[in-house]
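Just passing along the structure, written as structure tokens.
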Amino acid sequence: LNVSFLQELLSSIAEQSRALLPKSLFGADAGDDVEELARALVSGRGEASGVAIARELLDRYARLDAAERLRFFTFLATEMRPDAARVTGAAQAHLDDPSDVTLAKLQKALESPRVEFFRRLNLAPGATAEIVAMRGDLLRVPPSDPALAAVDADLRRLFYVWFNRGFLVLRRIDWNTPAAILEKIIRYEAVHEIQGWDDLRRRLDPTDRRCFAFFHPSLVDEPLVFVEVALMRDMPDAIGQVLEEPHAELIGKSPTTAVFYSISNCQEGLKGITFGNFLLKQVVEELARDKPSLKNFVTLSPVPQFTAWLERTAADADGEAVATEVRALLEVMRRADWPEGASDTEYAEIETGLMALAAHYFLNAKSPDGRPVDPVARFHLGNGARLDRINFLADTSEKSMREACGLMVNYRYEPKEIERNHEAYANEGVVASSRAVRSLLKLKSKARAVVAGAPQQPALPAPEPEKAET
Amino acid sequence: LNVSFLQELLSSIAEQSRALLPKSLFGADAGDDVEELARALVSGRGEASGVAIARELLDRYARLDAAERLRFFTFLATEMRPDAARVTGAAQAHLDDPSDVTLAKLQKALESPRVEFFRRLNLAPGATAEIVAMRGDLLRVPPSDPALAAVDADLRRLFYVWFNRGFLVLRRIDWNTPAAILEKIIRYEAVHEIQGWDDLRRRLDPTDRRCFAFFHPSLVDEPLVFVEVALMRDMPDAIGQVLEEPHAELIGKSPTTAVFYSISNCQEGLKGITFGNFLLKQVVEELARDKPSLKNFVTLSPVPQFTAWLERTAADADGEAVATEVRALLEVMRRADWPEGASDTEYAEIETGLMALAAHYFLNAKSPDGRPVDPVARFHLGNGARLDRINFLADTSEKSMREACGLMVNYRYEPKEIERNHEAYANEGVVASSRAVRSLLKLKSKARAVVAGAPQQPALPAPEPEKAET
Amino acid sequence: LNVSFLQELLSSIAEQSRALLPKSLFGADAGDDVEELARALVSGRGEASGVAIARELLDRYARLDAAERLRFFTFLATEMRPDAARVTGAAQAHLDDPSDVTLAKLQKALESPRVEFFRRLNLAPGATAEIVAMRGDLLRVPPSDPALAAVDADLRRLFYVWFNRGFLVLRRIDWNTPAAILEKIIRYEAVHEIQGWDDLRRRLDPTDRRCFAFFHPSLVDEPLVFVEVALMRDMPDAIGQVLEEPHAELIGKSPTTAVFYSISNCQEGLKGITFGNFLLKQVVEELARDKPSLKNFVTLSPVPQFTAWLERTAADADGEAVATEVRALLEVMRRADWPEGASDTEYAEIETGLMALAAHYFLNAKSPDGRPVDPVARFHLGNGARLDRINFLADTSEKSMREACGLMVNYRYEPKEIERNHEAYANEGVVASSRAVRSLLKLKSKARAVVAGAPQQPALPAPEPEKAET
Amino acid sequence: LNVSFLQELLSSIAEQSRALLPKSLFGADAGDDVEELARALVSGRGEASGVAIARELLDRYARLDAAERLRFFTFLATEMRPDAARVTGAAQAHLDDPSDVTLAKLQKALESPRVEFFRRLNLAPGATAEIVAMRGDLLRVPPSDPALAAVDADLRRLFYVWFNRGFLVLRRIDWNTPAAILEKIIRYEAVHEIQGWDDLRRRLDPTDRRCFAFFHPSLVDEPLVFVEVALMRDMPDAIGQVLEEPHAELIGKSPTTAVFYSISNCQEGLKGITFGNFLLKQVVEELARDKPSLKNFVTLSPVPQFTAWLERTAADADGEAVATEVRALLEVMRRADWPEGASDTEYAEIETGLMALAAHYFLNAKSPDGRPVDPVARFHLGNGARLDRINFLADTSEKSMREACGLMVNYRYEPKEIERNHEAYANEGVVASSRAVRSLLKLKSKARAVVAGAPQQPALPAPEPEKAET
């Protein structure tokens, strides 16, 4: 409850700190120049007055427009880089005499002054969130200048250490959580949009719902990543079973199945720093401890790239027979009356064909890096989960019909398998899957016959999972 | 109050996590081998099961004896180092084509696998404190093997980022602080020993006393550094005025002077990561905000190297005249009846001589690096403080008489001067001092005459201030 | 943040406590009889197993319908009353010998077993809120049976002690408050309805808004009474200045005026236990301490009985001349085009007439108890406030136009006057008012002439201010 | 951790409140008269300015000496009593017409203005603790004036409601508890004195130790009652097994037996308001939930009145034969070499005789009220415990040898029996006991023969258990 109190305290301290310091630094004569302040911060003045300089710099940065920010990033890229002569000197010295001593000197020479700059910037109260947001700004810059990549690499390296999972705190999000945090849950939910406070309450408050988030001690009311969980009796095969009220099935019974139906990253500026895997594992442990009746830990996950893959397949000149079949399926599914107006035969054919294609999509279709095409699959398989079930017409929302032909899948986290699955996937790209999923490959259908002969598909360049990871 | 609850919770989670994982990792067949676990931790298994492996490794490490720990450090030094061939390759590539791209590759090649090892080790609940303690163990190893220095450098670099001042939390220590923390204050006090709980209470509980500490969110009940403060009406010239009861002078009056009379670092494993300067500055701000009547922020500090310097001076063959005088002073002060039994003349001569020598010690005597000989002076001057007064027979405890001939000094933190003093000291080695101190150099005394002609003294190799910084 | 955790803990404890006790008490053979449980609770069994019996009784009470609850209240009224014979005996003994000893015995004889019943009922975890709700139920019973009044009197007496202001905790309500509390603020606001979460945020989150509530330690997330405050530069004369965005006037300036624009009681079951006065006074102190620039503490309050009083005046046969004038005013104001379609002359006449009548309403019209007719006026004047200004067409909402002809008033809390005003009001019924309000009585207008000769008005029986106190 | 912060805040608020109020109330011209302030507090001024008047009154009360306090209590006794004429009038009216209405009026007339006085006194921040201390002062007054008993009765009645168990909070006391509370544990321990902080740590910190206390939300760092618990494998038969280190027996095993070895009330001013029974029951529930391996809940309790009873028996002229035997036992036990120097025969005779006498003391010796002579027995039997075992030479400390001939007893809390035992004891005075204790009555020994024929003993007037209840 005293978060706001703390914030007031922090800013009053910074205020004070500013008041105690030479006016020259902050007046008009300082040129309103973030670059000047950045130079001061890494100089001896920064050692003496770092907190005040950092605070001032961040305040001025906040008032910069996009072009000015780009200029500042370019400044960081060009002026705050390792000294070129010192690097080449040290590299040469190490090549001449490859000892521990020359190695240490080479490491030293390569340390970027930017890292010290960001470290000192973090002296200001509340700075961590602002530096994370700064990287968010940087990532939105069109990558025209390759030198900016080095700035991003330094920030990413720093965040990788700052946001070490050992420093993160798991907190349950429920109806007693401060509104300031809850409104961020509404805003950041990326998988199944939250329609305002009443919808939020339905997801947090019932006794068969859970939500957990990771926080960093220096980002007091900013969740980093959160997961929404439904406690159920059976693994659901459609999202409606999770989102719609009432959750009647549990009355008088203990839940057996924890369903992770949405995972959302919250901070753009932390892109590439992974928390989702740690979050899922710790939540599995929390739930297993808290509710011993829980035996199954599964997801109900979207399949965001499936339609795109189908369309590439349909357009593939090399596999004309397959392509023809897929085009036939797509044609039916694009009809305005699909699925309500489909005949029983059509429905059965589409179901059989689509399930077989989906099995192929998950088990055989690979990106050039040898991983599955689907980003959500890459996330869960990489965590050691197993592809447990593919569900036909599991989400008939406009978005899901468009992106995934309405499919959703369940991934299963079986504690005893996690390490084995992870290693087989990491080392050999093996996709852990249930017998049921694998048997879909053998479906007696035209599509199946076609697919069996299909060559490996060209794939999209593997996108990094960003907001929605489930 | 729920610290212990949290600890129980954390360990129960780790327990659980272990239970959920393959037994093979923890059984006798794993060979009780921390090295094996370390290899597993940085491998793909560490990605899947990092928390459990890290916890197990730390538990086993805790049971190793000193020799086994040394062996483990050597393992880290030799096996977990950057790949030599890759480094030389990348260095050569950069020399051949010094571009942003080859620079980034060289940086990558130099990243020590040890850093990733320690980062993953920190996945275990409560690990941060244990990794800090691990460095404490490493620092106690006699530095026979130079390769170990690289291990220390990696840890130090990591801690420098983990313990960024922006992540530290200032907390007031008072009589409502949990006993588990207070007993550490008793244990870690390095300047004026705390004689048990009653003495502690005298230092914390009266309304004219303050104590503040920095904590890191992941080291819940472990202070990193703390400072003890007395709120007074005048700058004290002897430690007795601070430590002895009753503190009567304040009754019905507002304090004007905050006296920092003890600063102690708490964690050996954080040696070289500086907090004391940030602590002092933030405490000055806190106090100024909380008690607007406070106008003076001063220390009452020991002079731990003064006698040693006097003795080196006395033994200095190059300055025989000076040496003779100093020897005469030392002779009197080594008498069992000093100072009680000294004649008025003797007393006056010693005082005049010693004060002049002390002024010289602070203002003129320099280490080879051009900094003052005295480690406490280096700390406060480096923070931008001014040497304000030298106090004769200010601490007559056995230790102080032995190390400092009973001298103590006041450093003054004048907010408006701090940055200027810091820069003058950092750039040119200027020792900021009051007119009063400087005038001691002109004392009409034999010692003074002698000293004026003294060559610059050879000095001890500058020791890093460790436990006692004041 | 751990409220829900505590609640789970508490209920798990009660669960346990039940499990440890004889099954007989809770089985079918106990007859599902709250009366039986009530008897057990005040018996020796209640001494041994009070927590479990109380919990069970409250759970069963919660499942009773209205008729069964009435039956239970009747049981408390008739069976749990002081013993009649013992009372008359002790009364006679005291009359025979009016000593300290017989007085004490008489007091003892009069102690109602109901009070002990409720006290033991409060042993159950979380019971306090349920007992408060129980009185809410009782107050909704039509007062057919006068014996129930004694039950209410006992509960009220008990709550008067339980909810002693010394036990209440003032907490600021802001955007960091848990949603479970905020939704109650939305629900309980009785003066200016809160239109959902966005509206709530506008009232809590801007830096020029404050909201404070009293809580009781045993009713964790149930506010008892809360006040909404706007920090402004001037005393507002219309509610739109407070509720509408943007609050631009403060940019770059310090607020000088705290405006209490809504006070709401939250717990029906605590009717008659006053908190509002203490809340206002403590909030004045908090604000004065926190924002030294605040010099004025005023309300912007509704006038809920004004139209009703006007209508009684219009119908008053004794003052036909006055009544005629008032009827003329009412006629204009009931026109659909009022006030937009009124001519300038009409508008001016209505304003002059209404302001004069309002001054009369506040200063002269009295209930039979000699207090002002207006319940909000009674509340603020009783607290020592001064009637500072009457504002014409200050709230043109449908409700306000209907109840108050659109009037609102400012009461002013002048710390130096509060005690004097309170005493003059309490002892002599003096209505503290500003010169401006009093001068309205002298308005040169037909209505004024008429009003001056009006006899004292008959008044509604003075209703207790319930939900809305401002 | 923020207790002290809260206290500062509270006092700053009271300070402010004082500053805002008329100076007249607090200046010299107010006559430094607590009685004047008391009258003001219950008057209309108290309604307006209660918080400030109450704070001032308490501050002045704190400076009164014992005689002045007595005078103030007498003032409360004589001036703040129910109006005699009104009481007799209402009593007569009720006798004339014994209706609900006259009953309510009589109750009203009997309400003591003192209760309202104390209620308003409690408006001041922090007042509750001071009012409790005020009753402590009152209880120390020699009961010369019977009118003071009515003041005490009012306070006791008020505290009975304020300190309703439903408002108390159970908190674990451990090594993470603030020192301000821990030093009170040291001070208030009444059964087995705590020898400073190291001893305290031995009782709180080991994993097989527990300590729990009840707190009231308005007495932040003042425990009301606390219990010390040892988790063991067997029911101990001597205090040394509990207090001495090391507690080796538990290594690698789960505890089965919770031993309550010390219960201490902390607040003299709450004498007669019982918490100990609720504390024990809740701690049993907490422990059963937290450590499912615990099956036995027992005490190891002193027998503080045993020697006194033996001596009365020895002096009893009516039972000369018995008296002679007891005198013989006492004579041996008073020898300086007892028990070390006793012969085996003597030792055996003393043991047999004393155990038989002790069984008689607990099972047969009764106070005039029909309850056991022993205050500790009355406490535990009244709670529904069973007398389980009497232990010979279980505490050989000087105090225990003197008061109890070294005996200690175990009471057992068997959840299934508690209600039955409590009722049998409450209704018929039945002492629940184990077969082993009852069989001691049949010991074949001279003493036994003698005791069997002994008449019921005259007993001390039953003292209320005060500090030490175990």
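Order as written gives the chain letters A, B, C and D; numbering starts at 1 within each chain.
As a convention for this text, contacts are C-beta pairs under 8 Å (C-beta built on N, C-alpha and C of every residue); 3 or more make two chains touch, one makes a residue touch a chain.
Just so we're clear, the structure is a prediction, and the values are computed from it rather than from any experiment.
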Remark   = Touching subunit A and subunit D alike are B, C
Chain separated most widely from subunit B, comparing mean CA positions = C
Request  = Measure off the straight-line distance from the CA centroid of subunit A to the CA centroid of subunit C, and report it in whole Å.
outcome  = 50
Request  = Round to the nearest whole Å and give the separation of the Cα centres of subunit C and subunit D.
outcome  = 40
Query = Could you state the distance in Å from the CA-based centre of subunit B to that of subunit C?
reply = 59
Query = Taking chains as nodes and touches as edges, what kind of graph is this: line, ring, star, complete or other?
reply = ring
Task = Pull out all the chain pairs that touch, please.
result = A-B, A-C, B-D, C-D
Query = Which part of subunit A faces subunit C closely enough to touch in the complex?
reply = 1, 3-4, 171-172, 174-180, 182, 196-197, 201, 221
Task = State the interface residues of subunit B toward subunit A in the complex, per the touch definition above.
result = 12-13, 16-17, 20-22, 44-45, 47-49, 51, 82, 84, 87-88, 91-92, 94-95, 98, 100-101, 103-104, 106-107, 110, 119, 122-125, 127-128, 146-147, 149-150, 153, 158, 160-162, 164-167, 169, 217-218, 278, 281-282, 284-286, 288-289, 383-384, 415-416, 418-419, 422-423, 426-427
